[in-house]
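Both complexes below contain subunit A, partnered by subunit B and then by subunit C.
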Partner chain A sequence: MTSLPEKLIGAAAPRPLDAQRSKLPLLLALVVAVGGCVFPFVVTSTLTLSLLTQALIGAMLATGVGFLVRQNGMVSFGHALFYGLGGYILGVLVSRGIVPIELALILAIVVPTVLAFVLGLVITRIPGVAFGMLTLACAQAFYELALKVRGLANGDDGLAVTFPARIFGVPVSLLQDPHSMFVICWVVLMIALGSLWLLMRSHYGLLTFAIKANEERARFIGYETLVPRAAIYAISALLAATAGVLATFYNAFISPDMLHWTLSGSALIMAIIGGTKAVWGPALGAVVFFFIKEIAGDATEHWPAVIGGILIVVTVFVPIGLSGLLVRVFSGRRA
Partner chain B sequence: MKRTRKTATAALAGMLTMAAGSALAQEPLKIGVPTALTGTYADLGNQAKRAIEFAAQQANAAGGIAGHKVEVEYLDTEAKPDLARRQAEKLALQGNKVLIGAVASGEALAIAPLLARWDALYVATINKSDKMTGDSCTARMFRVNNADSSDAATATPWLKERKETEWAVMAADIAWGRDVAASFAKSTESQGKKVVSENFSPLGTNDFATYIQKIKNAGAKGVYVALAGRDAVNFATQAKQYGLLDSATVAGVSFVTDNTVASIGEAAKGISGIINYSSTLDTPANKEFVAAWEKYYPGTTPSNFEGDTYVGMQVIFQAVKATGSVKAADLAKAIPGRSYDTILGNVLLRKEDNQLVRPNYFGIVEQNGGKLRPVIKMSVPAEIATVAPSPACKL
Partner chain C sequence: MSLLAFRDVDSFYGRAQVLRGVSFEIGAGERVAILGRNGVGKTTVVNTFLGIASLGKGEITLAGKPSGRIRNYTAARAGISVVPQGRRIIGALSVKENLVLGSAVDRKGSWTLERVFNLFPILRERQDTSGTALSGGQQQMLAIGRALMANPALLVLDEPSEGLAPVIIDELADVFVRLAGEGTSLLLIEQHISLVRRVAQTYHMLSKGAVVESGTLAELTDEQLKRHVAV
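Our next item is the complex of A and B:
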C-alpha cells in the first residue's frame, strides 16, 4: 500500500521499508529468536543466566523508551512510572489477596497502558523538553507516593511478594528460576520486537512517522494526529509495564526504586547506546549497558562514570548507536 | 552431560587431594558482604567492611579457621533493599554463601526470603528491625547486634528519669526508624509522657529545616532521634544552627556514634544515646581486640558498628571451627543454640529467634581520652536488654 504518509516522510526521515526489504535480515532475526531459547542449555552458570534475565527485563523497558523516540520523536524521562506501576499493581494486589493472581496480572498490564493513553492525550501535545519534564513529574509523583505511604508496600523498605503456587496453571517457581525465566523473558521480548516491527511497517506506523516528521502537514491532509501520538505513548507504556511485571515475578519484590527517575534515566541511556533507528537497538543497548555495569561495578564503586564515558563516546562519535553501527557495517559488507 | 562433568570434577578433586595432602584440599570460607559503600549510609557500610577485613586478615595470619582460608568479596548496595537483593544474589551465586554486613533493615528483610533459594545464610550485625527476629525470621538469618526492642528496653529506664514530658521523634522513614518511633511512643505513654511531634525523613535528606521548625513549634522539650550516617550528621548540624540542641534535650539511637561525633564536632557534646558497643568495654577479649585493631589501623579505635560486625565474624568463625564445615547449610544448622566467646564475653545465640543474647548500654557524648566520644553511663544486663523472643517468629 503506497499511502500518503509514506510520501510525506521525505528523504531525510527513516525509511523502514528500504532497510528491511531483503529477506536476509528476517532470516537472521528468526535465527536469533530461536537461538536465544537454547541459551540456558549452553550456559551453565546460574549467575550469568540470572544477570541475562535481568538484562532482558531492562531490554523490554528500554525498547518501550526507544520506540517512543523512534515513532513519536519524544524523549520520556519518566518511563519508570509504568514499569513501577505494573510491578506495584501486581505485587500489592497479590500480597493482599484482593484479586486472583491472573486478574492482578492483567490489571498490572492494562492499567498502566490505559493511564498512559489518557495521560498521552494531554501531554503528547506538548513538544520538546516540556514533555520530558512532565513525564518526569508524573513518575516522581508516584515515586513519592510509594515512598511516603507506608501502608501501601512498606515505603522505602519495599515489599517481598509471596505468590500463590500457580498462575494460569503454570507453577510460579518457573518465573523465579533463571533457567526458565530467561526463556520466558526472551520469548516475550521477541514477541514484542516482532509486533513493533510489524506495527512500524503498517499504515498506522507510517502515519505516526509522518506526524513525527511534520505534524502540521499530516493534519492538513486530513489525519487526526493526537490519538496516534497518544497510542504510541500507550504502547511504549505497555512495554514498560510488561517489564515491571516480569521483574516483580522474577524478584518477588517491589520497592520505590522501581519508580525512581534514575531507572527512567538508565532506560533512556540504554536506548541511546543501542540506537533507536532499529526496533531492536534499545534492547541491544540494554544488554550492553547491563554487562558494562556488572563488569565495571565489580572493579569500582564509580561504575556510573564508566557508563557516562561510554554515553559521551556514543553520542559524539556514533549518534546512530550500536544498532546503527551494526546495520551500517553489515550492509556495507553486502554492498 | 552435566553429570559427566560433575563426575570428572569429583575425580579430579579426588586426585588432587591424594596428591597434595589434606592441607591444600581445605575449602576456603567464602564470605560475601553486600553493604552500603556509597550513599547516605556509606559510613556505616565502610565500618562493617573495615571490621570484616580486620577479622579476615587476623584469621588468615593465624593459618585460617580450622585450616580454611578466609576469602571476602564486597559489593555496594547503596543501602537500597532492591539493590541489596541483587548484589546478595550475585555474591551467593559466585559461591560467597556466608553473607554478612548489610546496613539498612530493609536490606536484610529483602535478602531473608531468598537465602534458602541461594543456599546461603546471613549474619546481621547492623540491621535492627524487630521484624527480622519477628514475623520475618528465617532459619538462615541470624542477628548478633541489638534489636530495636533491645534499644527500647535500654532507653526506657533512662526516659523514666527525665523530667521532660513533651517529646518529639525524628526518625528515618524506613523499617528501623518506624520501629524506634513506635517503641518510643509506647515507652512515653507508659510513663505518662507524650510524643507531641512525630517526623519521618526519607533516607538521604539534606534539608531538615522544616522538621526542626515543626519540632520547635510543637513545643517539644526533648527529641528522640533515629537517624544514622549522613542523615545524622546533617540533622545534628542543622539542629545546632536552629538552636534546637540548646533548647531541647536530645538523645537517639545510632545518632551519636563514634564516627558521627567525629563529623559533628563540638555540637554533639551532651547528646545522649544508646551505645551498643564501645571500645572501652572492660572484658579481656575486648582489650585484646582493641589492641590488635590499633595496631592494624593505627590511630583509630574500633567504633560501635566495627565492634558489632567483628562479633558477627567471631560467631561465623566459631561455628566453622565447631562443625569443620564451610558450607552455608551446615553452618546455618550449627549457629543457633550455641554459646560464643566474643568481645562482649561468652554469649548465647538463642535458637528461638536466632538472636544473640547480649547486654546494651546508654551514655552521653563527652571528652574521654582526649577526644569527644559517646561514653557509657548505664549498663543493662543481657537478660533485660535482650527481650523475650517474639511469638511471631516460628523457626
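Our next item is the complex of A and C:
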C-alpha cells in the first residue's frame, strides 16, 4: 500500500491541547510545588500568610469550576453548593459529636461528590445557560435551607465549630495556624492539580474532551457520554468540597454564606481571570483575585467595581486568561 | 449471519417520512453499495441505525439481533463502524488522539494504532497535528483509521469521495479493495460510480426513500445509472 503523494501534505499545525508536553514546564511545576512548601519560612508576616492561605482555599474551589469548564464546557453558577455542603457536613457532625472527626472529614468530601454525580446524571444533559441556572437553583435551595433551618447550624448566625484536639493523630491546631495551614493547603492543591493533569492526559480525559468537542460523534464511535460528563461534574464538586472542608478547619466556623451564589460567582470570576485552558489557570486567577480584593479593599469600599473592571478587561483583551497568556509568552507563540 | 439488515423499514425526521419500506441485508464479507440521487434518503439509512432518524415501521437487526431501542452507540457496539459524511474529525484532538478514541468498543481484532499507521503512513507523520489541520484526503484517512480502530465487522462509508480530488479517490479505492480483500464487510453510500464499481459487489438503488432496484454491479447498466443517479 502506498501513501498519498507527498505534495498533498500540508504545513504542520500546532497541537491543540496546550504546549505543555516538553519537560521544561514539568520541571518548572516541580520547582513551584517545592518552593511553595518553603514559602512560610521565607515570609514571616502572619497577615500575608493568612491571606495566601485563604487564596489557596479559593484556588481549590476555582480549580473545580475551571475544570468543569475545560473538560465539559459547562459553566456552573452554583459550586458554592458543594463548598458549603462539605463545610456544613464537617462542622455539624463534629460539633454535635455525631461521628468521629475522621469519619466526618471523609463524609464531608464523599457526600457532596456522590450528590454531584447523581445530580450530574440529570443536569449535565442540559446544555448552555439552562445548566448554569439549574446549578444556581440547586445551590440557592441549600442556601435557603441553611438559612431557615436554625436547628441545623443557627441559621444566619452560623455555627462556631469546636474540633477535637487531634485528627488522624495530627493536632487540629496545625489546621488553624496560617504557617502550617498554608503548607497543608499548598500540598493539597498541588496533589489536586497533579491528579487533574494526569486525568486530562488519560484516555478518560481525552474522551471527556472529545465529548465536549463533539458529543454526537463520540456516541457514534461507541461511547456512552452521560456518565463521563457526570463524573467530571463530580470531580469538580470534590475539589469544591475539599475547599469547603479546608475553610471550615481554618476558620472553625460555618455559615450560609458558604452556600451563597456570590461565592459561586467569585469562583467563576477567578477561573475566568486565570483562564481554564491550563489546569493551574483558575488557581492563579484565585491568587490574583484575593490580592486585588485586598489591595482595592484597602483603597475603597467599592472594590467589587475594581474586580468587575478587571474582569471586563480580561474577557475583552485576554479571553484565554492570565495562564493562557503566560503559556503563549513562555512557549514563544503569538499572544 | 447478517451483520446489518433492514426489513420493511420506515424512518422519520420528526413527522417527515424519509425511508419507505426499505429492506436489504449485508452478510459477512459482502460489499454492498447504496446508490441514488441527492436527497433520496441514502444517508438516512445510516442515520436510522445510528438512532438519528427515528424508526417507524419495520425492523433493524444488528449482528443478527433485533436492534431494540436504538441509541447512538448501539451500532458501534454491534461491530458497525461508520465513516460519516463530512468526516467529523474532532478538531480539538490530535490525529493520534482521534485514532485512540476510535478504540471505544472492546472488540477483538487485528487493527491497532501501528497497523493504521502502516495503512496510512501520512497519519504517523502527522500524528501530533490537530485533526482538522489535515487536508481533506488526510481527514478521510483519519476518519477511516478511527473507524478501523474499533475492529469493525462492517465498515460503513458515507460519501467517502465527497470533495476529494480524483487521485485521492483512487488511493482510497485501493484501500477499500484491500480491506475487502482482508474480509471486512463494506456498506458504501456513494454517487461516484467508478469508485462503486471498483469496490462493491451488489447495489440497492434508492428513489424517493424506497429501494427501486437491486442487483450486482456487473448487471448495473448505464441506462439505469442515467435514470436513477445522474442529475
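The criterion applied here is as follows: the second predicted complex is superposed on the first by the 314 of 335 C-alpha atoms of A that agree within 3 Å, B and C clash if a C-alpha of one lies under 4 Å from a C-alpha of the other, contacts with A are read in each partner's own complex, and residues count from 1 in each chain.
Here, a contact is a pair of C-beta atoms (placed from the backbone, for glycine too) under 8 Å apart; a residue touches a chain by one contact, two chains touch by 3 or more.
The structure displayed is predicted, hence computed values, not measured ones.
In the superposition on chain A, A:V110 contacts neither subunit B nor subunit C.
In the superposed pair of complexes, A:V306 makes contact with neither subunit B nor subunit C. Once chain A of one complex is fitted onto chain A of the other, the partner contacts of A:A33 are absent, as it touches neither subunit B nor subunit C. Of the two partner chains placed by the overlay, only subunit C lies in contact with A:H203; subunit B stays clear of it.
When the two complexes are overlaid on their common chain A, residue A:D156 makes contact with subunit B while staying clear of subunit C.
Within the superposed three-chain model, A:L47 lies in touch with subunit B and out of touch with subunit C [touch as defined at top]. In the overlay built on the shared chain, the residue A:G297 is in contact with subunit B alone; subunit C does not reach it. In the superposition on chain A, contact of A:M258 is made with subunit B only, not with subunit C. Every residue of subunit A that touches subunit C in the complex is listed here, in rising order: 1-5, 8-10, 12-17, 203, 206-207, 209-210, 212-214, 216-224. By the touch criterion stated above, subunit B contacts subunit A in their complex at residues 2, 37-38, 75-76, 80-83, 85-86, 89-90, 93-94, 104-106, 109-110, 112-114, 117, 173-175, 178, 202-203. Interface of subunit A with subunit B (complex): residues 44-47, 50-51, 54, 147-148, 150, 154-158, 160, 176, 251-253, 255, 257-258, 297-298, 301. Of all residues in subunit C, only 50, 71-73, 75-77, 81-82, 84, 88, 90-94, 97, 100-102, 104-105, 118-122, 125-126, 128-130, 133-135, 137-138, 141, 146, 150, 167-168, 171, 174-175, 178 touch subunit A in the complex they form.
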